[in-house]
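Have a look at the structure below before the remarks.
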């Protein structure tokens, strides 16, 4: 299942994030903590891309092949929106 | 024309970038230059989103409604790729 | 304590991330999940900025006021490195 | 001169950007244009990092070694600000 793989990845990220919290608690060197936070973000970006890929191959494809022009417009607009937001986080 | 609007925006960005070069030549305060470079990047992100929107509504829609499954896969894969790259620049 | 505030924020992010995992488990609409992941990343960016601020006001200030030129070079190089990485995640 | 190297790099980016404008004028495939815009942004990120490095080694070092606590606070605050903004563009 695609969801299973996404959940597995997100749980790994959660473990990584808990490791970052421990680093702060143990007063690890700030720069090393920032680098780990950046690694967490890079991992989250990969999960987002995986979810988007699944979405394009399911909902988006169905909507575009369907007969509802409003729905088509809606799903395509959402893709542009998350793309635009992805450049901001 | 959609292209005209994109070209106009990109030429504005080009003018902005030339302004940044002048700032460096005139030895303007570094942080102000960095901020202007960030503004140029934000403008480029908007142009990318505009181009993506046009692409989704033309090529991608055509491919998904078409009969070539390989072509469908290809256009959707590209969307995921530029999305993933957008988180890295 | 500065660390306490950082830990509190990171635990909030951890809770947010667990919420995202639940969303995937409950098969929530993909785009809504991606948006929540982006919100998690935005929150992490703020934590990183907070940690960097503390680091600049402590270690970096001490190193620059100190007598070890190698150490000065090292701490400043690290700032540039995390800045450069921040544009990639 | 450090500025010369920055100007040279920015002029290269300007040439790259003009190439992107030509691509749009010649109706090149949208995804290839988006990729080139992302390459322009990656190049701008490198220039920003180079400028920041110079700034840290000059103005910031001078301010931190100086006797004006307000000025120290100001320059360090700016670093955090451009770092935070860099995660948004």
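Labels A, B, C and D are assigned to the chains in the order they are written; within every chain, residues are numbered from 1.
Note that in this section a residue touches a chain if its C-beta (ideal position, glycine included) is under 8 Å from a C-beta of that chain, and two chains touch if they have at least 3 such contacts.
Predicted model, so just to flag it, every value in this text is computed and none were measured.
Comparing chain pairs B-C and B-D, the larger number of C-beta contacts belongs to B-D.
With centres taken as mean Cα positions, subunit D sits 17 Å from subunit B.
Centre-to-centre separation of subunit C and subunit D, using mean CA positions: 21 Å. Averaging Cα coordinates per chain places subunit B and subunit C 26 Å apart.
In subunit D, the residues that reach two or more other chains under the touch definition are 45, 48, 52, 82, 86-89. In terms of inter-chain touching, the protein chains here all touch one another pairwise. Against subunit A, the residues of subunit D that register as touching in their complex are 87-89. Within the complex formed with subunit C, the residues of subunit D that make contact are 45-46, 48-49, 52-53, 56-57, 60-61, 64-65, 72, 76-77, 79-80, 82-84, 86-89.
The residues of subunit B lying in touch with subunit D in their complex are 3, 6-7, 10-11, 13-14, 17-18, 20-21, 24-25, 27, 29-31, 33-35, 37-38, 40-42, 44-45, 47-48, 51-52, 54-55, 59, 78, 82, 85-86, 88-89.
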